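The chains carry the letters A, B, C and D, assigned in the order they are written, with residues numbered from 1 in each.
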Amino acid sequence: MRAAIAGASGYAGGELLRLLLSHPEIEIGALTAGSSAGTALGGHQPHLAPLADRILQDTTAGTLSGHDLVFLALPHGQSAEIAGQLGDDTLIVDCGADFRLSDPAAWEHFYGGAHAGTWPYGLPELPGQREALRRTRRIAVPGCYPTAVTLALFPAFGAGLAEPDVVVVAASGTSGAGRSLKPNLLGSEVMGSVSAYGVGGVHRHTPEMEQNLAAVAGGPVKVSFTPTLAPMSRGILATCTAPATPGLTAAALREAYEAAVKDEPFLRLLPEGHWPATSMTLGANTAALQVALDERAGRVVAVVAIDNLTKGTAGGAIQSANLALGLPEELGLPVNGVAP
Amino acid sequence: MRAAIAGASGYAGGELLRLLLSHPEIEIGALTAGSSAGTALGGHQPHLAPLADRILQDTTAGTLSGHDLVFLALPHGQSAEIAGQLGDDTLIVDCGADFRLSDPAAWEHFYGGAHAGTWPYGLPELPGQREALRRTRRIAVPGCYPTAVTLALFPAFGAGLAEPDVVVVAASGTSGAGRSLKPNLLGSEVMGSVSAYGVGGVHRHTPEMEQNLAAVAGGPVKVSFTPTLAPMSRGILATCTAPATPGLTAAALREAYEAAVKDEPFLRLLPEGHWPATSMTLGANTAALQVALDERAGRVVAVVAIDNLTKGTAGGAIQSANLALGLPEELGLPVNGVAP
Amino acid sequence: MRAAIAGASGYAGGELLRLLLSHPEIEIGALTAGSSAGTALGGHQPHLAPLADRILQDTTAGTLSGHDLVFLALPHGQSAEIAGQLGDDTLIVDCGADFRLSDPAAWEHFYGGAHAGTWPYGLPELPGQREALRRTRRIAVPGCYPTAVTLALFPAFGAGLAEPDVVVVAASGTSGAGRSLKPNLLGSEVMGSVSAYGVGGVHRHTPEMEQNLAAVAGGPVKVSFTPTLAPMSRGILATCTAPATPGLTAAALREAYEAAVKDEPFLRLLPEGHWPATSMTLGANTAALQVALDERAGRVVAVVAIDNLTKGTAGGAIQSANLALGLPEELGLPVNGVAP
Amino acid sequence: MRAAIAGASGYAGGELLRLLLSHPEIEIGALTAGSSAGTALGGHQPHLAPLADRILQDTTAGTLSGHDLVFLALPHGQSAEIAGQLGDDTLIVDCGADFRLSDPAAWEHFYGGAHAGTWPYGLPELPGQREALRRTRRIAVPGCYPTAVTLALFPAFGAGLAEPDVVVVAASGTSGAGRSLKPNLLGSEVMGSVSAYGVGGVHRHTPEMEQNLAAVAGGPVKVSFTPTLAPMSRGILATCTAPATPGLTAAALREAYEAAVKDEPFLRLLPEGHWPATSMTLGANTAALQVALDERAGRVVAVVAIDNLTKGTAGGAIQSANLALGLPEELGLPVNGVAP
């Protein structure tokens, strides 16, 4: 099978390519870009030696057509038009936000403009979702933060152990902001410093978290989400808390998490007393989880580490694509982090 | 006035010395250490050229006596005995935890062993506290996390704008853990990685936060606190949220914060739309604050950045010592961060 | 084939395991350690989920015997005794220094104590070396710095384009120092700082560089080597200069490098105008090279980036082991870096 | 005395302001910028709370005139015109390159365009230079790399202990590249990675190093210079080597360095066995030096650490300005680094 990648010069595109280069069943086809079209990939992704001489093409339906699958790693708002031109038989995996939200009002509130629609949501670990992804031709890859937060809390909400009043604070590496040339993303500014941004319930990933957790909880879930930027290239560490339901015990909580991750190839509940670090998952499609019951404060505290570019974007995209293509879900996806 | 520093080979001790070297009214006297006694300071604090040849003495009442003030930067549990031997006239500034908590039960629960007592708490910004510090001879310097969290939330609780159900997630630089030789503090482990620790309400700074906020709120405050370790040497960024009281408006919230910081030399409320970064306060005794009302989630979200070694330890210690000595509170304390 | 790893709790051991977990022909057998024997691997290598529950055994001939190959990742001085007890049929791959140097005087000068002997040197790219490695049962894995420097300069010396008066300055990530608990390796000390160490010709890797380059140059080569420690976990960037032979042109220099890397699976000469960054090779067995002729100063300047744990240790070890086992040289070894 | 700062929104400008805020004799006057004119300084220098509300003006002779001194932190090529309009009585301190080189041919080769002239060179430690700076009205602040390299090697060349065939490899923090929005300066690219640039004798600071060392050596000095970019915001660590003159002993070498730094307020020769780290000098106007004789390779190896923004730019500028203004040379300049 041949895959085209739209947005191959960006960080998400680069991670898709890194993973696909090791994928035994997917061959890399056309690579496209926006303003970098016409240049060699090597100037943008110098870590991908085998593709260094590949020339980036324009992102058009013409260059992307004729592939079995197309990964879109584009700014939001650009996927719908491309998708409409590619035909129903092509598997389209959208790493952008366009088709993630089911509620048009939430879309309009957080993104503005018209809602493009809703595609099957590429988070196989979400209960019921794996089946929806098998043999679909359209996949909306989750946002990196919602991936982390949903994986941290679905076991608690799925088992009815938490109240729907969630507080999340997450630290992300700078690659989550993409390759955009903004002063606050310069190395000089981010090294040696942690900063907050998007505070006060305004981050666009908030309604996506609420949508996922509500699906598991069977009712609305309110999320207070604060993202922070940490001095590292990759990784998300999300601390996710919610009031414990009355009478919850630490043992019952752990049992629920053990049950939830038991058959999941990419979820790893750490042994008791160990806590996630993003380095555990660097370059891997794994989510490292731990949970505790804070009995004094009456809260469930779940912590999760992922690589925002791997499980949080490109790895999650390929995992879902594997399902849609009828391939083994784990195919071509690393489970071990590159550490130290 | 001459100051002795006990624990001069550690990070808190080094920061005390860095600041005192620029203090116009305090001269540096005896420097003591534990296992490093007998060695030159230069091997431990290579950034402090003027003191490089000073030899560290043993930490005994004998070496510390005869000074106008004594800073103790020792592991907890060692301050009471030393203090008892130094006489009531000496100003003793304890950077450790021994005398911070007023509730013996909280002490025993979180630290174990017998409670040593309670000293005036060295956080002048806490309402009423400045007066208590003037001309005291004993100061309990706050913990770094409680400093950050208290400064972030006292305006809200002082004005009755938040419910006493606080969730705090904070990222700290590694110097907060001191110079202890633990594998998880090695550069290879911490660089490129954010990790959680002390999750589930077990961190020892939790009751200190609750004590401070309760004093402002006029009633018990519950804190769910999760610390994380970020890949930087210095700095704390704390995200502090609490349910907003019914009817709270963003304007009223901001007004309360503006009023609270108005006359404070080391508190800085950022302009609207700007958010704290720890680099703003690197090496400075400043706390950079911002606050937002998350109307969807119904929560006050306050974010604060401090340098854990400066405002969070040594700078705060000197600020309180200035008050106790009848000196201008700001004397010798930098307000501008070293950035980028 | 089954491999035992001695020193599995260290950084080199962890990287061997990470790579072997993806190796299609080598199964992981016994894992041994020193003081960590008896504990689970997960506490030491938390990024290697599939092996988390494996218990570390003592490093003895008994636990290591019965495997087709044994990787030794031990402090120097410990390999000879173990090797002597394992039998001639076992492929022993020593990641330590014991068997690298052929000159006993150089060994004694730099390491002290008796010289253990010389094994085939595990750098297949060194002219003539690939054949020596095929089907040997003993491999001395090169040091990380000598790997970098030799790969950077062998094309110049092999083609007679440089005078044997080499100056090398290299920056290494902290993992090169292993997991030893030294104050100068604490995150607080290394983050935000580059430092020098082993200056003045005293670093133990110096004679190994000279030995390799002399073999290519056909005569003695003098190396002035200065290592520095950079604030990153992994990676070596070595800047290697030598006087150009009279009349050398930039074109002839590039041609020599192009010829030298042409058939090498793990050597990559960057396009002109591009310069190596360690991130290009993070987690990969690749060396990224570039060379320039400084006509004003009359020097060849070659720069190389490798991952010190991969091509510089564990990857190079497996590459040579592949040769010795009659497997394809590239088997199981990543060529693409994890970036950004 | 009042100082204007042209280029106040950049990194050099910010460091000038940070230092001037603590300078007892210099008051901060007009602040100007290029495209940021009209905006508040707080958005650019959020670490400088006292100046947050100051509005940046256009960089014109009009806004800069009427001050006792003017610091120019502008891209090269812009200083001459401004200087010509400011009058001979104003002390102009140019942090750019325009007036550093005395050889027009070197200027044209490395910078292109016409040579603007030569101003007194702001490196008081260079023999003879201190006198030239007293009461001058024009100062060319040295480049950051030439500052480091000159301070590392002037003792050796001044004492005739080294041959004029220098090899320098230096690692710089990213702030040395300024606040320019280039992809290779993004945090995601620089964190966790060391990279080379400007290799092969093409870096513009090369002739400046040669000029300085030639002045000390009394004859031409050839420098092979390779800069590298390290994952830190601030700091330069330069490793500088030159062939030792025949018969040189380690004792004679050290003696020469001790003599050279003896009366220098900002030069610090570390005790034997200690090596510079950039953290020792973070935020300080100090250069930390060490030197060794590599007897095997026959080379002097000098290593120096400075903060590129402080001693390497803004601190050095103020040090020279102090001299020109008849103030104590050390006034307002920190000597202790902010560490860890």
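Heads up, the rule we're going with is that contacts are C-beta pairs under 8 Å (C-beta built on N, C-alpha and C of every residue); 3 or more make two chains touch, one makes a residue touch a chain.
Just so we're on the same page, UniProt names per chain: A, B, C, D = N-acetyl-gamma-glutamyl-phosphate reductase.
Keep in mind that what you see is a predicted model, and the values were worked out from it rather than measured.
Enquirer: In terms of C-beta pairs in contact, which of A-D and B-D ranks higher?
Expert: Looking at A-D and B-D side by side, B-D shows more C-beta contacts.
Enquirer: Compute the centre of every chain as the mean of its C-alpha atoms, then state which one is farthest from the centre of subunit D.
Expert: Relative to subunit D, the chain with the farthest C-alpha centre is A.
Enquirer: Suppose each chain is reduced to the average of its Cα coordinates; what separation in Å results between subunit B and subunit D?
Expert: Here subunit B and subunit D have centroids separated by 35 Å.
Enquirer: Centroid of subunit A to centroid of subunit D, CA atoms only: how many Å?
Expert: Spacing between the chain centres: roughly 44 Å.
Enquirer: Taking each residue of subunit C in turn, which ones touch at least two of the other chains?
Expert: Subunit C, residues with two or more chain partners: 11, 175, 186, 188-189, 191-192, 231-234, 277, 279, 282, 339-340.
Enquirer: Under the touch definition given earlier, write down the residues of subunit C that touch subunit D in their complex.
Expert: 167, 169, 171, 186, 188-189, 191-197, 199-201, 206, 222-224, 226, 228, 230-235, 237, 239, 241, 275-279, 282, 290, 292-299, 301, 303, 305, 339-340
Enquirer: Once bound in the complex, which stretches of subunit D touch subunit A?
Expert: Touching subunit A: residues 11, 173-175, 177, 179, 181-183, 185-192, 231-233 of subunit D.
Enquirer: Under the definition above, what is the set of subunit A residues touching subunit C in their complex?
Expert: Residue positions touching the partner: 11, 14, 18, 21-22, 42-43, 45-50, 52, 175, 191-192, 233-234, 268, 270-271, 274, 277, 279-284, 286, 288, 334-340.
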